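Input: structures, listed below.
Below are two complexes that have subunit A in common, paired first with subunit B and then with subunit C.
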Partner chain A sequence: MERSEIVSQILAILEDVAEISPEDVTEDSVLMDDLDLSSMEILTVVADLEETFGLRIPEKELRNFVTISDLADYLAAHAG
Partner chain B sequence: MNAEQRSVFQGIVYYYREHTVLCRYELTMKDPVDAELLQQACDEARPLAGYFFQKVVWEKREAHLAPNDAPFRVRIGHVQPHIPEDTDDYQLAFSCEGNQIFFDWFHFLADGRGVSRLVTLVLKLYCNLRYGTAFACEPLVSDPPYDIEDILARYPESQVENDMQKEVTQTSEAKPQLVRVRLDKQSLLDAALPLGVKPFSALMALFCKAGREYFGRDDLRYNYSADARDAMGTPKALFNCVASFQRPVTVTEADTLATLVPGVEADIHHNLTKEPKLFRVAEQMGWVYQVYRQRASLKIKKRVFQMGEYISGFPSDFWVSYQGDPFVPADPDLEKYLTDFQTWVPADGASIGVECTTLHGVITICIQNKAQKPGYAAALRHAFESAGVKVLEAAELGPSPYTSPYIP
Partner chain C sequence: MAEKIKVPAGVYDMVTRCMEQEFPDNVAIRYVAEDGKTVVEKHYREYARDIRKMVTYLKNEVPDLKGRSVVLLSRNCYEFCVASYGIILAGGVLVTLNQKKTWDELEYELGQVEPALILNDGIDYGCRAQLEAAYGPLLRPMDCYKDSTPGELTNCVDHDGLMMLMFTSGTTGRSKGVMLSERNMCSTLVTYSEVAENWITNRLPAGQELPLSHMTLLPLFHMACFVCVMSYPPAGWALNLCGDIRDFYRDLGLMHSDVMASAPMLVETIYNDYKRGRVERLNGLWDLCCSSAALDPKMLEELAANGFVVNQCYGMTETFGDGILNFTQTADHMSAVGKPDDHCEYQLDETGEICIRGNSVMLGYYKDPEATAEVIDKDGWFHTGDLGRIDEDGYYYITGRKKNLIILANGENVSPEELEHKLAVCPAVQECIVKEKSQKICAVVYCAEERQAEVKDFITECNRTLPLYKRISAVEFTAEPLPRNALGKLLRK
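Moving on, here comes the complex of A and B:
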């Protein structure tokens, strides 16, 4: 899957979970600080991404997800 | 949250876990068990303990208990059933083989202290039938469920955000191996008394010492669970009512029971009081409550809960549950009909899970170990004997036969 498609999926889930418009998000957006996401929201996004991409993200990776780009990098490297 | 939701709230945790937490009590009677009489005892217990003979009904995103009209059948053999698939939707099962009675239950319904009241009742009914004893068998009455929303409102500071950058213990998840250790209880008391500490503190300190030898590192993290009924104001609760505490510890080669136990004792002394227990319940159950209230599928809730539990730092190297006397209320007359009591619980949230009960002056420690290396029994023997605690048995029993199926 193209990276741009992965980012689009992330933004769609983000909009669904936290009602954040894709126009307000860039790849450099910091999940907690810039987007003001709670732990619950971040984890819900991650769980939804697992469902969408059909993979299981090890818990130890969670701390590496600081920005949208971090999520996209991981999915680009590990998704089908 | 209404009363029905409250009654199963703490048990919901066990639906959010990845694997079904199926627990087992293994009672060895002094004589061969009569399966028909055990069936009769269960049938007589049913109207006295209706709570335990219900089934779980899921509606949309919520679970509640409902009457189960299916016959409750005592099983023959020692194989642990899958609950509720093999048990007509009952959340528990009795089975027997030779001199042994096996009691299996899904943790959703009750914790060890809760189910012990049922096991005590069934055993008394069985002894009345088998031996003509006259144990009084009163109905099991439960306190109403505690209100988690009240507790969360009382301790708002307990609900801080999870820190996603926190260091978390990486648990081992190899196939569980069983280890069983038996200690002479009096020798543990004799080791604890001169130090002015609780025997449980001495036991825990020695687990830490053994942990260093076994894991080969100085820094460890352990959990211990405490019955929270008194703090919650629900002393007769049949449902889950547990607070779990965690503590990091550094153990050096030179450490002894005397040097390790003061820290353990101070921590336990502080935590096993009303306010810390309530605060801890608020901390633990606050996360469950957030997940519970989320508008998402059960599958998503489960993953969110599991990841949240991980980043909260809950996983540990080992946890210890010390139940002491397995019967509630304790009854020496009843205990005369048993020769052994063991408790087996999956090591959920830790590499090693430890369950301790006492009977006839012997502490029986049943361990499920997911760390992929031998030597834990030897490390425990070494630690206990170094403190003068008499080890009656320290055995590696091989792979666990107890099932812990994945929850779909």
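Moving on, here comes the complex of A and C:
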């Protein structure tokens, strides 16, 4: 899948989970700071991404997700 | 409505009477199997048999277990509950640790308790290699007991001795082991049995029957949820276990749950679902037991006015989760933490600090008599660190915090000093304090204006090394040195 498609998926899920408009998000947006997401919301976003992309992200990877770009990088490398 | 719950005399009584005689055919534990679809049900009969197996296993593995620590390092699972009872009834000291902590913290806590064994779920949370290198020969899988024979149980628990250790954030950086006894547990069970009888059972929604089920999403290593492992068997009710927040809606959808112990962040999540018309995904959840930090009373009022029952609990690890409870469903006292019951004594000391005295107050902090003496005075009053006031109706309200600790919406306690030490490493940071702002962790940094970007990058990188709940999510810069008191100490307000 193209990286741009992955980012659009992330933005769509963010909008659904936390009602954040895609226009307010860039790849550099920090999940907890810029986007003001709680850890519960971040994990809900991750769960929805896992379902969308049909994968399970290992526990120890979760703490690496600080920005939108981190999520997109991981999915680009691991989603089939 | 409900039959009177018979509060057990101790852990032995809980297994041999509540589980094996009173409720052997009730469901004790539910969880979703590996396939993500099938719900597994364990009845109290099987639960008790597995506890007996665990006792046999531990006694064989560690013949001199009496008084030694066995650590649980695992996400929520059935075996966690089995082991909690098994360790205590094998004569060991139960220690529950947060498996998601950094190795630096885990290494310290493991070093403190000198474990005889560590039961763990095998998942790499980021420091699996260090754990194996340091403690490899002591590691056992959570289901290590499965091939053992169910053994005889004896009531070997010293009612006033050290039964379990649970760690809580220290105010000066390092965490502290809270020493708890069986007497502490039983005292709390009196309170929670009354909650079940008088408050939850008498408010059943139409069509809802007993026994009830509890969605166990908060981590079991934490007192807010661990207390359910001990308080549900006397009623014959069930725990529905969720091992990973990512599976929350899936598991809630597969396992109808009546009650959920909830940190404020979870209550807000439920509230958002309600506001956005997504109540169906909650699958009939109706009772929220809120604890760990203060909640927005307006939100609670709205939930209460729309079919939810809201219980607020002000308790702490140091009192085995016991404390002040608030069952009000109306606006007048929604912002209170509640009204003390008569199981413990409560008072405000001369500084306005809330103090508790009674059977639920811990034995002390592990290997730290000085810290113990700071919080338990000569008359036995435990000083909570929270400042309060009492209104004319006897309701307690939290007005501030005396100890330097951030308590967040997810219920986690975070030591500001620990994070300040991390930030001090950044060459651009001249001074900093870490504080709570709108329930988030905020760093206030004094540095040269042209170096602000450097500090921001440093914090972003620093956050990558921290568990989600400890991340610094806001930064404020100041061009002036931070205010200090007469002794030169940084002011936190």
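Everything that follows uses one rule, which is that the second predicted complex is superposed on the first by the 80 of 80 C-alpha atoms of A that agree within 3 Å, B and C clash if a C-alpha of one lies under 4 Å from a C-alpha of the other, contacts with A are read in each partner's own complex, and residues count from 1 in each chain.
Operating definition for what follows: a contact is a pair of C-beta atoms (placed from the backbone, for glycine too) under 8 Å apart; a residue touches a chain by one contact, two chains touch by 3 or more.
These numbers come from a predicted model, not from an experiment.
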Exercise for the section: Could you look at A:63 and tell me whether it touches subunit B, subunit C, both or neither (first, second, both, neither)? Expected result: both
Practice task
With the two complexes superposed on chain A, say which partner A:1 touches: subunit B (first), subunit C (second), both, or neither.
Solution key: neither
Practice task
Kindly classify A:12 by the partners it touches after superposition: subunit B alone (first), subunit C alone (second), both, or neither?
Solution key: neither
Practice task
For A:33, decide between first (touching subunit B), second (touching subunit C), both and neither.
Solution key: second
Practice task
Between subunit B and subunit C, point out the one touching more subunit A residues.
Solution key: C
Practice task
For A:55, decide between first (touching subunit B), second (touching subunit C), both and neither.
Solution key: neither
Practice task
Could you pull out which residues of subunit A sit against subunit B in one structure and against subunit C in the other?
Solution key: 32, 38-40, 42-44, 46-47, 50, 59-60, 62-63
Problem - Parts of subunit C lying in touch with subunit A, wherever the complex brings them together - result: 123-126, 128, 245-250, 265-266, 268-269, 409-410, 440, 460, 463-469, 471, 473-475
Problem - In the complex, subunit B residues that touch subunit A - result: 161-162, 164-166, 168, 170, 290-291, 294, 296, 299-300, 303-304, 306-308, 310-311
Fill in the blank from the handout: Listed in rising order, the residues of subunit A that touch subunit C in the complex are 30, 32-33, 36, 38-44, 46-47, 50, 58-60, 62-64, 66-67
Problem - subunit B partner contacts - residues on subunit A that touch it in the complex - result: 32, 38-40, 42-44, 46-48, 50-51, 59-60, 62-63, 65
